[in-house]
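Accompanying notes for the structure given below.
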Amino acid sequence: MSRNTLGKNLTVTIFGESHGPAVGAVIDGLPSGIRIDMDLMTEQMNRRKAAGKISTARHEKDLPEFISGVKDGITEGTPLTLLIRNENVRRSDYAGHLKTPRPSHADYSGHIRYGGYEDASGGGHFSGRLTAPLTAAGAICLQMLRDKGILIGTHIRRLHGIEERHFDETDLLNDIQTVNSRHFAVLQEEKEAEMKALIEQAAAGKDSVGGILETAVYGLEAGIGEPMFDSLESRISQAVFSVPAVKGIQFGSGFAFAGMYGSEANDPFVIRDGKVQTETNHNGGINGGISNGMPVVFETVIKPTPSIGIRQRTVDLDKNENTTIEIGGRHDPAIIHRARPVIDAVTAIVLADLLMEKYGRAWFEGENA
Amino acid sequence: MSRNTLGKNLTVTIFGESHGPAVGAVIDGLPSGIRIDMDLMTEQMNRRKAAGKISTARHEKDLPEFISGVKDGITEGTPLTLLIRNENVRRSDYAGHLKTPRPSHADYSGHIRYGGYEDASGGGHFSGRLTAPLTAAGAICLQMLRDKGILIGTHIRRLHGIEERHFDETDLLNDIQTVNSRHFAVLQEEKEAEMKALIEQAAAGKDSVGGILETAVYGLEAGIGEPMFDSLESRISQAVFSVPAVKGIQFGSGFAFAGMYGSEANDPFVIRDGKVQTETNHNGGINGGISNGMPVVFETVIKPTPSIGIRQRTVDLDKNENTTIEIGGRHDPAIIHRARPVIDAVTAIVLADLLMEKYGRAWFEGENA
Amino acid sequence: MSRNTLGKNLTVTIFGESHGPAVGAVIDGLPSGIRIDMDLMTEQMNRRKAAGKISTARHEKDLPEFISGVKDGITEGTPLTLLIRNENVRRSDYAGHLKTPRPSHADYSGHIRYGGYEDASGGGHFSGRLTAPLTAAGAICLQMLRDKGILIGTHIRRLHGIEERHFDETDLLNDIQTVNSRHFAVLQEEKEAEMKALIEQAAAGKDSVGGILETAVYGLEAGIGEPMFDSLESRISQAVFSVPAVKGIQFGSGFAFAGMYGSEANDPFVIRDGKVQTETNHNGGINGGISNGMPVVFETVIKPTPSIGIRQRTVDLDKNENTTIEIGGRHDPAIIHRARPVIDAVTAIVLADLLMEKYGRAWFEGENA
Amino acid sequence: MSRNTLGKNLTVTIFGESHGPAVGAVIDGLPSGIRIDMDLMTEQMNRRKAAGKISTARHEKDLPEFISGVKDGITEGTPLTLLIRNENVRRSDYAGHLKTPRPSHADYSGHIRYGGYEDASGGGHFSGRLTAPLTAAGAICLQMLRDKGILIGTHIRRLHGIEERHFDETDLLNDIQTVNSRHFAVLQEEKEAEMKALIEQAAAGKDSVGGILETAVYGLEAGIGEPMFDSLESRISQAVFSVPAVKGIQFGSGFAFAGMYGSEANDPFVIRDGKVQTETNHNGGINGGISNGMPVVFETVIKPTPSIGIRQRTVDLDKNENTTIEIGGRHDPAIIHRARPVIDAVTAIVLADLLMEKYGRAWFEGENA
């Protein structure tokens, strides 16, 4: 599937516009009998929410309302539909965007795609707001995986000029638990203040910054994925590139492979604790598109938020001439910390779907009730 | 779709094993009435083929045999099935790989995935040989796009330590035509000898090298792609990661976005030649997952070929103990130049499919007869 | 696609339970720029609604609320989500059904399918109520087809012992317009009172009746459909069997073919009004799965509503023993007249999707704005 | 999926033309480790083959050649491709059909669909010959189901004027084994000669006859199928209508429901042998689209073969005028006995796919090795 639906056995369909009545998701193919962990969902939703000086001033409760598929907090196995109401909508902020498309936004390309019939307010269907239902859907998948011993964590490996260390694969479970216990996604606690200061500084200059997220999956068995179009890399990348502002992804050593010899790049197999493992993990846990039992590790680049307060050049679509734009309204000087639970979410959806293809719905069904 | 099938309206299903009777493809949803350009197909197939000192010694004719869907060289509109016979197969070269999986190959993960029932000879279904039918299928799509004024080109932007210039977007048509006229994918002719020497040097050391391919699409109209899971980046990346050895992809400025401010990263819109364009193209022709009319540009990292002659550590799966392996047989010291037509191919399949979703099969149908 | 999603390029996802907050649909792949004909939608919704003595006493407004994808009454091209609130819900009527499954209902099979986690109230996700969003989605497709000169009509060809004439294919446009102008789906006006009396009589006996719907499509061009799994019969039947109570479908002469010789059954081609037509239409407008330009005609059997007031034997699932049940609550003594707009709807969705595969989204896009 | 591909987790893609080099199938998603029962496959293939006076004179060996996905007779889990070579092809028999379309054949509708580029010889992609690879693919699924205790059988319940008894559901296992032990699909042995005589009589008159097949599934657990578009009826009917000459399908009492009261039609639940069963099986084992544990029973009408020797009226497409046609070449006076293994096949593919969705590939994997 595709367009607004992700997955095959477990499908997530996303709908809504930023300034319409609600955004939401239909999750179909869910096992029945799963008691939804609302703490986990709320936590992930909160991480996606704007907060404090480093985010837009638009605040929303973002509590999903279940329209179908849930009874007494437990999945029924029928399509689960959740709505997240759009509150605090100020349409006027965005008036005129159609006429003068914001640089590097979807205003212009979306205008062509939808023939001018799209609701451009607040980015419409392109808004980062659409990641709210995606995050909620992902939270259920994160829970399903967690109950099978599979954990996913994402941290900010780089924010503009500030780097922090990679996940330590020899102590990965601990690292994932650490980052998942924190609202701001760092492994090294001292980086938080540093990064926040940098974001505030960008905001003060009406500018924005980007960075790199690193994601690791702990506990995924070997043998998941397919050699061709369902390679783990194919499926994860397809999902990850649906997250706004993502412009690149690399697995394991990624682009650094370009400078390596095969003798450096190859991951020798070894017996460790009686199990087949690899000594290094340049391949990010994936050989030939299929998990090899090592941690799955990938990095995602998040571009600087295109909505900035600085005056920018653009065009007047009505007059077909050059002009400038100063974007008012509420904007994020960085989106990377808010993108983190969304990357968690899409990764979880992809893995739950692939495991379901192997083991079936029944493997998950009812076990948590 | 997924697994071994790519696409929605135009689907390509890949099958075969390296040392079985044949590899092949079923292409369904093709318009009828297209006279297949066998020169273009042969050219792309030749670029994928092993040749000279810089490639494996295994040579195959690789001429596709049409089993269905083609009459008198013209597509019928029914499923087009093509077979590429495996000749020159020497099974003995690969005996024992199952017992001692080759590092960074799919031997081990595939063994788990297929429960030991897979044909491991020559990489089986994982073999780079599977890219032959993919390239053939892609050639038909390249032709369909070309007839609509859309051209795709791929060059080796980096081979290990050797870089060449990026595509010049102000003269892109010329650059694409230049690289497409060359058997070895360089824009700067003088780089060819340099790169080949480096590959031969790696071969001499029983080692291998990787690099980065840059791909550009000329002539794609604005408005193609979707904001969510059919974003151009989603669809292209899903397809590209099915090509063996690809471990990363970046669109436009890609990972370099991490170091930019929004004010540097944004692409201002301008009126040029009466049309809406962007001054820079950091976003690689894609905003919000949808083409904006600028060239679509992306880079793909190709890891060094994992098959190297140097002795490597691995495990003996039967004895569950560490051992070493020296891989005999025929190998490529670099695969990047052979991956080039495959990247062209999957890009073409994705774009033809997306255009077909917008304009229908009838848009293409019969026009070339 | 499948499960709760119908279609490929134009997809309709249905969700909700009878006694949950709402039922609804997500329609993805819609062209942008279509001003939704609310009169047509309301009319179709009204035909599906319970009314008068011949239906259940449960009455709902059934006005769809648009959550996304519509701005100022015009489709945006983004996923259109509609909700139909469940009002007038009396859960108590259905208490106990899980324990003692209603004969010929989905209570038992659904109980096994969903592991007991399903909401059984009012039939839950199995309820005929789920056809409300399907009808609403279908109304948009009916409109899209109408604007291309394609009309669909369905009448009650048989209600228990009462038959009315078939569509007159020599005057089909008129017949379709006639039936579409009537709230109760008959061609012969005098049959309405007769049929209603029969339904009331069944109701008086706490019993129910079934019948046969005949559907005809006017104006579908030749060449739509595919020889194999997308045969017009395949696609229409898949969709039609999703409508509750349908247990059979036949195209053209259908089961009567079993008694014919080939020489009687074949439809000779003739030139009529300068066009290729067939003299008879035993094949219901479809040869080899593909429309031949003649009216597409099929019949659907609707079984008697399983909810009847008469005491019936069933089992006590808790005690694993035989028992009896007397179903209280609100029920339909016949569902056939209410199924009529649903058959229209699924037929329209299938045809719009197939036409979109041939001509693309752009063929429909924006034209009605 | 659709067009030429059936299924979701287990997919079967059919390709080829009647008079091309081969017809074939790609089966993707197969579990690895299944030793293919070639006896079963050969038996089913033989039942589909022309034989004796009651069939066309065209005889083919029809032995599938495995191109991929099978090693030493055992499935590898990779795409299984099989080819069935077309031998004994006499193109001249069919010359001129494009000009003068055969009544009730796909000649005309296919001509419009494929724009005249189709290979019309022998029916091309529409030929009944395409059911050969479908039957082969189905044989593997029949085996997978058999190993799980699920058996499928199909008999000729009616041939023109000759009827035989229905499956006896109280002794269904025996009935299925009986019919599956016979080359000619009757339950009552004495019917065979009678039916064959009728077919020969039709052949003598250059005419053809049709009839009704009844199919029963033994051993399918309750809970398989979905309430909406994956209802068992939806999935089975979609598949069955891909078989040439099928024009109607009914489940359980089917069209006879139209004359019943609910109180007659409902199937009371009872405890029998400690299990929940139904007393009658008017619903053919399916409630709300989901299996209820009773035998799944359906009937399929097969129209008389349209290829008859009698002179028929048709049109001359070149001259746009009426003319007549006398079809020479090899034809079947009845196709119903040959359609029988094809109905078995598509039913098996559908059920294997649905079970795989519930239990996963791993449920089947490797068990027969």
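Lettered A, B, C and D in written order, each chain numbered from 1.
One rule holds in what follows: a contact is a pair of C-beta atoms (placed from the backbone, for glycine too) under 8 Å apart; a residue touches a chain by one contact, two chains touch by 3 or more.
Quick caveat: nothing in here was measured; it's all calculated off a predicted structure.
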| item | value |
| --- | --- |
| Touching chain B and also chain C, the following chains | A, D |
| Pair joined by the larger number of C-beta contacts - C-D, B-D | C-D |
| Longest centre-to-centre distance from chain D, chain (CA-based) | A |
| Cα-centroid distance, chain B relative to chain D, in whole angstrom | 39 |
| Averaged-CA centre spacing for the pair chain D and chain C, given as whole angstrom | 27 |
| Multi-partner residues of chain B (at least 2 other chains) | 1, 3-5, 8, 14, 78, 113, 125, 227 |
| Parts of chain C lying in touch with chain D, wherever the complex brings them together | 1-6, 8, 14, 101, 103-110, 112-113, 125-126, 130, 158, 160-161, 202, 207-212, 221-231, 233-235, 237-239, 241-242, 244, 246-255, 257-271, 274, 276, 278-279, 282-284, 286-293, 301-308, 310, 312-315, 317, 320-322 |
| Chain C-facing residues of chain A, complex | 1, 3-5, 11, 13-17, 20-24, 26, 28-29, 32-33, 65, 67-69, 71, 74-81, 83, 113-119, 124-125, 365-366, 369 |
| Contacting residues of chain B [partner chain C, same complex] | 8-9, 78, 227, 356-363 |
